[in-house]
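Naming follows writing order (A, B, C and D), and every chain is counted from residue 1.
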């Protein structure tokens, strides 16, 4: 980065020797802006899908239930045993036996709201909330079989697994798009710099003729292109972040899905794009300029 | 398209007067290819999300259940009435009262497999399968209240609606990205053409000096750029379609999600991209050339 | 064939040429002299309609220049051979194609004129360099190539801006005799030059009028050359 | 200060200059003539190291050219003023900046040399055109500007390729006298030209050697000019 920062200080005399190439300049700025815009969106997409996969994965792991079907006299004891086992299980944040009202609400879709829960041999349900690590379902099942034979653990994972896989896939796609876009930006900036240098062969020849050093000549071009690419990418990034911020939020509290956007420190990630573009432009132009100069005696 | 096809025939003499501008040529081809590549992916994304929204929407609408809680003696009659009503409702493909085994299976997560269904006041469940149009849930509810007072329609829509909204959102995003990418491609091709024309001012001046007509000069440039953009976009599209085809399929039969990809006639859509790129290049170069020529007396 | 009457012209409002009359009749031979920066090149550019006069009329082959569209100007330039002072070529095409460019631009097949081209190349002493690219030519070779290009369509009017500035005396005479011969065939020739020796030499061969451009006005130089 | 010994050079294998010796000593004044295409420009390019000889040695200011890197060559060119035959400028910069370009390229402030620049501009008759862009100059004005640019760093060696090809006789004499004056201050001057009158005129002012390049060899022209 140090040589780039040096460029910012500038050398107006060296700067003026490069003609203001209207179209290549606009092309570079626009390319950098457009690709930065797309890159921010791809970044937002892959962050959002990562979050989604995370949330779905968490929901998946956390949605465990234990069902205790036991004769009425053993029911309280087994429930007690189950809760004790769960308290002793690492990875379980909390466990709670559902009350009658809650059980009735859960069954309402099947029986209607008037179900006489108390008169039915309905199993007691225990809701398990995991912490981040998750617990060892197989271990819990073994202990339950020994200490609470009427208890069955149902961790629901079958239901949500494809969703998580889908979110992961989307995430991968977002990352792939991001990589592709950054590579495309690099290639385009390199080619635009090459085009500008090719168009300015005569400028370089004149400068060599009057005794200018290669570094002096290259520097003027490199400075232009680095600033243009950085500027363009900054504009594109700003626009894109604005657009992302303006997207209507999707995650109303507790919603199943997450919105496209950044959260917290995620907002800092896109800020890497303009310096990246500038860095690419710096090296691409430097390389192209030095190569072009080699051909001028 | 007619003028473009005319270009393909070509005029080798007019063609040679334009210098083979290495960098701008590569820039145009690469830009067209890269943007076509991205465009195909954006297209695939928006098609896939459209399909997803469609499928989820269908699942949502189709997943209706009717629950009949009635005294044992009225139960058969009300079930009969419900099935009749459903047969008469437009948009319902089929309706079926669930057997005891099926009801027991559905309740197993709550009561365990040993539930004595026959001894319980369990409501009768009727599964409703819609055809594509969907039925008028409100109308059905009104008729049910009159003719089968123990029947309750539950169309589950609350549960899946956010999913559909999410898919729609993704779809919109894909379409937005597609539009953005096509616009970017257009702008880049226009700027690259402009850069090439600016670099070739002297060529145009020499040609004017020896008595070449504007159309002759413009044609040579337009032909180059149209072919380059078309070629680049064709390469990008082909690569991208290959990549999409090579993506592992996600929709194992019955899966909740759909894979990223094209199906059936969808494979024809990306084929529009190369001609579109060529068309853009044609008009952009034509406009830029005519404008540049106006400045040369 | 080209007539300027009452023509004035100036760049950016600074008047350079004022109220000038000039007629290039068939078979006429003109020299144009004057100090550097007097406006000789400007006057030639007016003649082939690269510049539009601020005042006055220009007519070419009987038609007022103002009535010619851009295509009309292109058409006209096929009848006017121009040697630019800074002779510019298409640097990516070999000399042969550059000389044949007016043919290509006017839609004529090069093959039909192959003999003309090689005769011209020989006359200007470039017969061995047909495959060279313009940047590979020496200054004098470029000037001669520019002259060959100007003559390939056998134009009715030949406007040459300093066509011998970079060639040696023998070659100057050779080029002059080519122009004199074309002039004898009825073509109008106008040569802008600083080379007074060349003018003297030409006067011994043809009836040449020597015009001197000074302070925006043309006057005919007499025996004082 | 620049010495060529046994130098041969040819483009694409075609030998053009053969086994040539030349020494540009301080205070020497050379003219270089020869037919168009003889290799005058090529010889000048060898002198300022734009071309590398196929055979033989070139040394500049006592150092063998081969030992100079690209930066060394740049450094050297600041001591050699070159007027190119097709004088090229930075077309986007006004004349003043173009003439000051060698100053900028060697890191010297333009302000400190403002007086030199305006004196030079006046001498070559361009004092009114300092703000013009190079494409707005006439052919002769460009040549004079190129000469001014070559002289701005007050170089020890001056190489001018056809510096008077596009200017009138009076201006030629004015430019010549400028070069003669610089030569009297000890600078080495080499002028490639076709203008025999100019050579004759110079001979009356300085001790000038006239070299003629023909068939790849240099010989000193005598009184036969």
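Simple rule for what comes next: a contact is a pair of C-beta atoms (placed from the backbone, for glycine too) under 8 Å apart; a residue touches a chain by one contact, two chains touch by 3 or more.
These numbers come from a predicted model, not from an experiment.
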Common touching chains of subunit C and subunit A: B, D
Centroid comparison with subunit B (C-alpha atoms), farthest chain: D
Length of the line joining the C-alpha centres of subunit A and subunit B, rounded to whole Å: 23
Subunit B-subunit C separation of Cα centroids, rounded to whole Å: 63
Subunit B-subunit D separation of Cα centroids, rounded to whole Å: 68
Residues within subunit D bordering two or more other chains: none
Of all residues in subunit B, the ones touching two or more other chains: none
Touch-based graph of the chains, sorted into line, ring, star, complete or other: ring
Pairwise chain contacts, counting only pairs that touch as defined: A-B, A-D, B-C, C-D
Interfacial residue positions of subunit A with respect to subunit B in the complex: 21-24, 26-27, 30-31, 34, 37-38, 41, 45, 65, 67, 69, 106-107, 109-112, 114-116, 120-123, 125, 152, 154, 162-163, 165-166, 169, 173, 177, 180-181, 184, 187-188, 191-192, 194-195, 197-199, 250, 255-257, 260
Complex contact set, residues of subunit D against subunit A: 49-52, 70-71, 73-78, 82, 84, 88-93, 97, 101-102, 104-106, 110, 149, 153
Residues on subunit C engaged by subunit D in the complex (per definition of touch): 11, 33-37, 40-41, 85-86, 125, 136, 138-142, 144, 161-162, 165-171, 194, 196-197
Subunit B - residues contacting subunit C, complex: 13-14, 16-17, 19-20, 202-203, 205-214, 216, 293, 297
